[in-house]
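Labels for the chains are A, B, C and D, by order of writing; each one numbers its residues from 1.
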Amino acid sequence: MDRRRLYTVLDPDSSDRAARLFRVVHHVLVALGIAAMLADSVPFIAADHDPVLRAGYYLVGAFFVVEYLLRLIAAPEMPGQEHGGPLRARLRWAISLGGMLDLLCALPAIGALARVPWAHLVGFVWAFKYVRYSPGLASLNRVVRNARQALLSVLLGFAIVLLTAASIAYLLERHANPDAFGSIPAALWWAIVTMTTTGYGDVVPQTVAGRILGGFVMIGGILTFALWAGILASGYAEELRRREFLRTWELVAKVPFLHNIGASLIAEVASLLRPRDFPAGAVIMRRGQAGDCMYFIIDGEAEVQLPSQRVYLGPGQFFGEVALLTGAPRNATVVASQACTLLSLDIADFHQLLGRHPELARIIHAEAQQRPGDVAPTLSEPALAIDESA
Amino acid sequence: MDRRRLYTVLDPDSSDRAARLFRVVHHVLVALGIAAMLADSVPFIAADHDPVLRAGYYLVGAFFVVEYLLRLIAAPEMPGQEHGGPLRARLRWAISLGGMLDLLCALPAIGALARVPWAHLVGFVWAFKYVRYSPGLASLNRVVRNARQALLSVLLGFAIVLLTAASIAYLLERHANPDAFGSIPAALWWAIVTMTTTGYGDVVPQTVAGRILGGFVMIGGILTFALWAGILASGYAEELRRREFLRTWELVAKVPFLHNIGASLIAEVASLLRPRDFPAGAVIMRRGQAGDCMYFIIDGEAEVQLPSQRVYLGPGQFFGEVALLTGAPRNATVVASQACTLLSLDIADFHQLLGRHPELARIIHAEAQQRPGDVAPTLSEPALAIDESA
Amino acid sequence: MDRRRLYTVLDPDSSDRAARLFRVVHHVLVALGIAAMLADSVPFIAADHDPVLRAGYYLVGAFFVVEYLLRLIAAPEMPGQEHGGPLRARLRWAISLGGMLDLLCALPAIGALARVPWAHLVGFVWAFKYVRYSPGLASLNRVVRNARQALLSVLLGFAIVLLTAASIAYLLERHANPDAFGSIPAALWWAIVTMTTTGYGDVVPQTVAGRILGGFVMIGGILTFALWAGILASGYAEELRRREFLRTWELVAKVPFLHNIGASLIAEVASLLRPRDFPAGAVIMRRGQAGDCMYFIIDGEAEVQLPSQRVYLGPGQFFGEVALLTGAPRNATVVASQACTLLSLDIADFHQLLGRHPELARIIHAEAQQRPGDVAPTLSEPALAIDESA
Amino acid sequence: MDRRRLYTVLDPDSSDRAARLFRVVHHVLVALGIAAMLADSVPFIAADHDPVLRAGYYLVGAFFVVEYLLRLIAAPEMPGQEHGGPLRARLRWAISLGGMLDLLCALPAIGALARVPWAHLVGFVWAFKYVRYSPGLASLNRVVRNARQALLSVLLGFAIVLLTAASIAYLLERHANPDAFGSIPAALWWAIVTMTTTGYGDVVPQTVAGRILGGFVMIGGILTFALWAGILASGYAEELRRREFLRTWELVAKVPFLHNIGASLIAEVASLLRPRDFPAGAVIMRRGQAGDCMYFIIDGEAEVQLPSQRVYLGPGQFFGEVALLTGAPRNATVVASQACTLLSLDIADFHQLLGRHPELARIIHAEAQQRPGDVAPTLSEPALAIDESA
């Protein structure tokens, strides 16, 4: 198995068969390893099944050691950094975040073999193995990183209020409540339990002044909460917009006749698209009408009522683009079979685009010449011929 | 009673009289059934009233069995899936989410008859009966489903932090606190109670290191909260925008002279509308002015000051559209009798639309010819004649 | 004192001197009344000061009875509902929300006189007296009312999860924990304390299954929270936009030469305005430049550097509008003395507006003729002459 | 050391070497001072190390006294308020918020010297010293201040519900639970602990009615939370938009040929910019294409593939602007080496701008004449020559 093949098998986004099998084995072993660690920490289970649990724990640990070595071997050269060869690529991977996490997950087994005490209790790090396979975490990571400064400012405010509250509580309560408020660090425990509204109840202020202070601390905690939620809501909305544009961009970049034009023009097309929602059953275009725009399906399903058959188009497919090329009237009625979200590209915008980019016109005319007379669109291929006149 | 009639009676959105009666009976019986189950679980009530409670419970249960059978019989053929007949439609309903829920709600009575123990304690499933009648849940469902990936990513992060915190807490606290932190699963109970800021107080870390860990876990819990709130806020804002467009779309689709033109044009009109807010008392249009736009009322109330009378228009009604057809000056002053939100359609946009869709012009001229001279608008009918010259 | 004068004194938004005095007395008496009630419920304070507290309580109560009667007498006829006279207006006020609240606040004193037990403990209703004076509550009220359906749907989901969790907890815990989970209603207490993440700790599940259930209930509670926060965030953003437009609208409506044109045109102008932010120290316009727009100040402060003096303009004032009338170059440099937010009205938009509304041109030319040569703007009057050439 | 130099050293945003050293010393001393105070409050630590801790405490306190005096001496004259000289400037600083906070932080040491009891326990005020160095707090402060009215309205609602709940709980529970609900103030403690969902568990309602009330109070608390989060989310989104515009504005203001034109024009340019996102690897412009816009980098990195070398541009830099000046085709291909966010300025918008501001054309032509033939852009200087033809 050469390095490229190995990399494909280990790639979390690969749709290769071996890669999918690897992922199943990986996920099951992570779950088993964590379960073994959990069970091993329960005295009455460990007493009965200790050898079995340890064996499972070592097996899973060994798997992660092997995985680490394989990933190290397979580490690919990054584009633009080909010099230095595989060794340099491996070093770069080893010091990347992913490499460090994998090393961390390889440690429990190594530690257990080396008879390090507690090594059989740190299997919880394996839970981080799932992180690589969670696409949404990358988005969340970006949201939190972008809002970093604001979140830390709230945290600083939180810390200042915490310290202030603990100091005042210590001054107010130390005589009434010497066990719980006997020092400022002890009062800090009360303050954080109160300010996060956790409220264990192991420490409760007894004086009237201490209780009034407690009320303000609780309200301060709610405000912290609300500030964080507000900051993250704004950040996440921004991220959603960003992702939406990139999705549009990728969708447009897939249209065959826009394929060879370059990203700046594709971005221009993407910014001309307008989202439109249709309720289920709405007629999107009618056979015989003049065609004035083309549609990309973002969400939902559209039914193309061709004379001979009915074709259903889903997200990522498009229709009506022939109108932009030939000016012929629509040759099919299209109905929203489910409520759907489309992006429409208007004929006027499209022709302005042509005026600014004459090379686009040449490509499109070549495309239009090649088209067959009446090709039925298939679901696996983009529905290029829907508007074709028979 | 034929199937179509039966379906109408059972339809949650039907305004049929029998349907409304059915809904009242249904809601009362759900409430009674749950009340009976609650009362039956309280020993001192059950001791006194057991036969009464059981009778009530069986009665309600039997009602749901009958309802299930009726819904099964009435299950309609879906448009486009008429083949296969009623049997196929019933099967499709039976395996739908609604069908499964109704079956679940029929089970308690069947179970109680079959003398399954606990059957009289699972009446809580009847609460799901209300779900079908809550229009907002569909929106919420869509929001949660769209944000599924992000919410699950937060949940994965939550789970990783939880497991890590429990493992570390076990290492730190197991000697000081052997009862509560005697195993990692036991420590997980503390971790989840702390991280959700519930804080029962049954398990509290005793060591300084454990308390510092606890502080971080609480703050991590707040961050989880805030992330979820942020994700859902963004998703809900998106959903609101979507619903708003569909509402506009339906409003426009109801204008008589746009009725027969097709959804793509209606969507085009809908995207030309601009929302405008008027404070109470503002003059929206003045008699004798040139008419430059028409208005659709979204919210609030407008007062049309005709020479002979005052007409009040509410949400869903529109006025000023004659200006778009005849070009005559306004024949009435319209005032916002309450603060109101209107959608305005500009005459310029409207004429551009006509340029692109000449068939629209023919429809409108036909419409304008048919209009009577001075018809007073009524509140039940759209106010089509307000701009008419006398 | 006639009814109109009385109404002015009682009006919460009146800037009348007597009205302001009334508000001070009112607020102090509400605070005193509540303080008296609080003190009266504390046994050791009540034992010593009972007659004083009771006297204070009766005094405040009597004040509210008198206020209720005065408000009833002063109740004004609504515009458009003048028929029926004062009696009808009073009846209408008495059954309005405000009237009912005022009646409620008059009851404690009446009840205490009538020797109703507890009458001296219901003074907490006086806190509602402050509601009338809190302008933000109206906005919040609208937000909550608009999002009513979604909030109630979340509440229904919350109730269903609560009932389900309580029933399952009862089944799981009733043997291990017969005191706390002895009936489903008892388990409901645990469920709500847990799901709101309050976690008193008086009832804690003991079985492993019960604790796993508890974990899910807590996470469900956080999700409920997050959903509500998300719904209200979206609703509040909408409300903010709405308020912003109304503020713009009112600002524009104050410009003298737009005064007599009607609301529809003012709304049109308002929609042409573009917000612009300037950092402190930025040069907004320069003496001698061609004037291409006028500005309305929304926030912050601008310094007009006239040859003879420096004038500071604040929110609600505007400048540069002479450019729209005469086309003369700017006759002053304007600098943002603080970071400020302006609305700008472009000359191109303004002239398009004139094209569509020729009557506007006549008004403006008349306005321009009347203008004096070099009038220094004052801070109390809109800065109409800043662009004037000397 | 003169006053200006001293001011530079103390300025939190200064990049002066001495200023950076001062900041490190300052932050370390704040941390040490707080640590000393915390340790001093723990009896068993204080018993052993009291003289050391006191010495450290006095040292830190003395530092803050000195810092206060230095800041007082260095207080600069504000622009436009030069009259009055240094003395007036110092007085103005002393009564500013920053001056008051610094005075507060100087008090503990003065108090300890004056043998004021507790003086060695109020070192927590030093935590406020960090506030000056947290840039995000200014934004948060503005968000909270703008949303002040809405937040206070929620707080008023919160207080009314609190008082009502406490009064009703007192009426319901005082016989069943005389210790905890023996007076309304005592019941208020329960109400606030419950409504903030803190739930210590020291006070729990015992009656059925009291528990039902408790459930409503908890749900009311969640709603308060959600309202605050919603208000702050909206406010923060607004603030983000504002900051984004100011950032764009500053970016544009740095373009050399726009340097001397004045803020109003720069604001006009800023409002013409459209954000565009490119995924990593996308071709932004291609050598030989006609240039139709220029780009400003906001985020990420772009790789300029010049014939001789590859240049990487980061946030704050721009490229492609020569196309706006000379109309020559692109002389380099630019690729997004990382996912990046750009602002694009379209050639059409730019020429319209020129039409309205002919003086701009003169500046640009002068700029274009001066340009060398083929200057390679450097990373420290704006990439002005990328489009230059060879």
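Here is the rule we go by: a residue touches a chain if its C-beta (ideal position, glycine included) is under 8 Å from a C-beta of that chain, and two chains touch if they have at least 3 such contacts.
Since the model is a prediction, treat every value here as computed from it, not as a measurement.
Asker: Could you pull out the chain whose C-alpha mean position is farthest off from that of subunit B?
Answerer: D
Asker: Please identify which of A-C, B-D or B-C repeats the interface of A-B; the criterion is that more than half of the contact pairs agree.
Answerer: From the options A-C, B-D or B-C, the copy of A-B is B-C.
Asker: Just how far, in Å, is the C-alpha centre of subunit C from the one of subunit A?
Answerer: Going by mean C-alpha positions, subunit A sits 39 Å from subunit C.
Asker: So what's the Cα centroid distance for subunit A and subunit D, whole Å?
Answerer: Measuring from centre to centre gives 27 Å for this pair.
Asker: Please set out, as single numbers or ranges, the residues of subunit B touching at least two other chains.
Answerer: Each of 185, 197-201, 225-226, 229-231, 233-234, 237 in subunit B touches at least two other chains.
Asker: Once you draw an edge for every pair of touching chains, what topology comes out, line, ring, star, complete or other?
Answerer: Looks like everything touches everything, fully connected.
Asker: For the complex, which residues does subunit C have touching subunit A?
Answerer: 197-201, 226, 229-230, 233
Asker: What residues on subunit B touch subunit A, complex-wise?
Answerer: 80, 149-150, 152-154, 156-157, 159-160, 163-164, 166-167, 170-171, 182-186, 194, 197-201, 204, 208, 211, 214-215, 218-219, 221-223, 225-227, 229-231, 233-234, 237-238, 242, 245-246, 249-250, 262-264, 266-267, 271, 356
Asker: Can you list the subunit D residues touching subunit A in their complex?
Answerer: So the residues of subunit D touching subunit A come out as 34, 37-38, 41-43, 118, 121-125, 127-128, 130-131, 134-137, 139-140, 143-144, 155, 158, 185, 189, 192-193, 196-202, 224-225, 228-237, 240, 274, 276-279, 282-286, 289, 292, 336-337, 341.
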